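To keep things simple, chains are lettered A, B, C and D as they appear, and every chain counts its residues starting from 1.
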Amino acid sequence: MPRFEPRNPDYRAVAADMFARQRAMQTLGISVSRIEPGEADLAMPHSADFTQQNGFVHAGIITAGLDNACGVAAFTLMPAGSDILTVEFKTNLLAPAKGERFVFRATVLKPGRTLTFCEAKAYALNDGAETLVATMTGTLMALARRG
Amino acid sequence: MPRFEPRNPDYRAVAADMFARQRAMQTLGISVSRIEPGEADLAMPHSADFTQQNGFVHAGIITAGLDNACGVAAFTLMPAGSDILTVEFKTNLLAPAKGERFVFRATVLKPGRTLTFCEAKAYALNDGAETLVATMTGTLMALARRG
Amino acid sequence: MPRFEPRNPDYRAVAADMFARQRAMQTLGISVSRIEPGEADLAMPHSADFTQQNGFVHAGIITAGLDNACGVAAFTLMPAGSDILTVEFKTNLLAPAKGERFVFRATVLKPGRTLTFCEAKAYALNDGAETLVATMTGTLMALARRG
Amino acid sequence: MPRFEPRNPDYRAVAADMFARQRAMQTLGISVSRIEPGEADLAMPHSADFTQQNGFVHAGIITAGLDNACGVAAFTLMPAGSDILTVEFKTNLLAPAKGERFVFRATVLKPGRTLTFCEAKAYALNDGAETLVATMTGTLMALARRG
C-alpha cells in the first residue's frame, strides 16, 4: 500500500513529462527508472565528461540527479496544473562518486499544499554492488503553472 | 590587503591547475575569472543543454559552479601537495537562473588545517544587470595528495 | 538608506512583540538589540546552564539565537497580520562558542510573499573582541495569523 | 546484528558520560533512552520554558536534541580517548513541535576516521501517537581529547 495518495490520477504521466522537458537531464544522460506516489528513482551512466580532478563524477552533477529525483517524487503528489521549483537542498558527500552507473532514490517525507520535503540518496554501482555516495534533503515548492 | 595569507606561494597556479583538471568544468563551459587568497570567481555562459523544464539553468548546474568556486577559493589556502574534496554544501535557490551569463563568487570564511568553510553566491547577468539567484555554504576538506 | 521597504509601518513593534512572546528567548536570556527593515541583532550572555561537555555554549542554543535573529529580520518585511514559521536552516559551527556574551546578526537576502531567505552570523565576545563562531542560512515562511 | 562494530568496547559508557557532562541537556530536560553502535535515542518532556510565540517548542531546542542524538550516535563509533564536535547540521521543520514529549532518534550513515555523517528525526508524542516534526543531517568530527 502506498504511503501517499496522489491528488492527480495522472501523477505518473505528468511527473515523467516534467522530467522529459528538462534538457539538462538528457545532456547528463539521466533517466527515470521508477515513479510511485511520493517516490522516484533515476539512473545515470558514468561519463568522463562530468568528472572532477580525480576522475569521480562532480558533486554538482550528483546533486543534479538527487535534486531531480526529489522533484519527480514531490511532483507525483502535487495537484494537476502545478509547476514545481526547488527552494533549497543540502548535499552531504560520503564517498567518491566512482562507479559504472549511479542511481538516485528520493522519497517524500512530508507533502504539503505549498512546500514538500524530500530525502534522496545517491548510490554508485560497481560490479553489481551499491555504495552510498551522497545524501540530500530538500524543499520543493508547488506553483500554479502559467499559461 | 588580503584577509588571508596563503601557505603555498604557488596558490594561484595550483588552484587554476586543480580547476583545469576537472572535465566537468569544460563540459559546462565554466571558467575561472579571478583567484585571490581565499576568494574565487567563476563564469559560465547560458547553455540550453543544461536547462530545466522552464528554460532556466538547472539547480544542479548552478550548484556545480558554486561548489567549484568554493573549491578554488579554499584550495588557495591549503598547503602545497594537498588535494581537496567537498564534505557538504547547501544551496538556496532565490530566483530563476535566467541569464545570458552567470558568475559564481566564493569567499573563505574560516580556513582550517583539515576543514575550510566557504560561502558563495551565484548571479545571473542580463543586459549588464546582476540578479542574485542562489547562495551556497559549504565545507571543504584538505587531503594529502596521493602519488 | 535601507535596502528594503517594510510593508507594515509598525514593523519594529510587531517584530519586537513576536520576539517578546517567545518564552524560550527569556529562558535563554536572549534580547533584541537592533531591528531595522530586513535586519536584526540579538544578544545573549554566557550561561553555564546551556553548555556542552567542554563548557562552550551548546550548538542548539547558538542555533536558537541565529534562528530568532533570522525570524525577527524576516518578520520586519512581512505584511501586517502575519505569523511566521521557520521552514529550514543550516548551521555551520566554525569555532567553539566560548565568550562572555554572544551576538546574533541576521540579514534578509531575499524577501518574498511566502518565503523569505535570511543569513545570520553568531559572534562570541571576549574582552571586547569578536570571534565568528557560527553561520546560518535559513528559509522563513509567512502565514496569515489565526484568530 | 548491529550495522557497525564499535572500536571502543566501552562505547556505551563513554557516550553516556559525554552526554551527562553537558549541562545544557540537564537544563533542557533531555535524557538518553537508548544507545547502540551508531544509534541513539533521546527523550524530552514538553516545557513551556522553551516555547516560541505559538506555544510550540522552539526550533533551536528541537535542534539541540537532534544534534545531541547525532553526537551520541557518532561517539559510539569513535576510538577511546576521543572528543567530539559538530561541524554542521541542517534542520528541516516539518510540523509544529507540539507534544507532551519528544523523542530524537539518530543513526550514523557513514562513520569515518575524522568525520562521521548522521541523520536524525524528531517526533512529538501526543496520546501515544508519534508525529514527525523535524529532521537533521549533520557532520560530526572526532578529536583527540586534551588532557
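Quick notes on this structure:
Just so it is clear, contacts are C-beta pairs under 8 Å (C-beta built on N, C-alpha and C of every residue); 3 or more make two chains touch, one makes a residue touch a chain.
Because the structure is a prediction, the values reported are computed rather than measured.
The most distant chain from chain D is B, comparing centres defined as mean Cα coordinates.
By number of C-beta pairs in contact, A-D leads over the other of B-D and A-D. We define each chain's centre as the mean of its Cα atoms; on that basis chain A and chain D are separated by 28 Å.
Rounded to whole angstrom, the centroid-to-centroid distance between chain C and chain D, based on C-alpha atoms, equals 23 Å. The mean-CA centres of chain B and chain D are about 32 angstrom from one another, to the nearest whole unit.
Residue positions 87-88, 90, 92, 139 of chain A are each in touch with at least two other chains. Chain contacts in this assembly form a complete graph, since each chain touches every other chain.
Chain contact summary for the complex, chain D toward chain C: residues 18, 21-24, 27, 48-54, 57-61, 63-68, 83, 85-93, 96.
Taken in their complex, chain D has these residues touching chain A: 90, 92, 94-95, 109-110, 117, 119, 132, 135, 137, 139.
Within the complex formed with chain D, the chain B residues making contact are 87-88, 90, 114-115, 139, 141.
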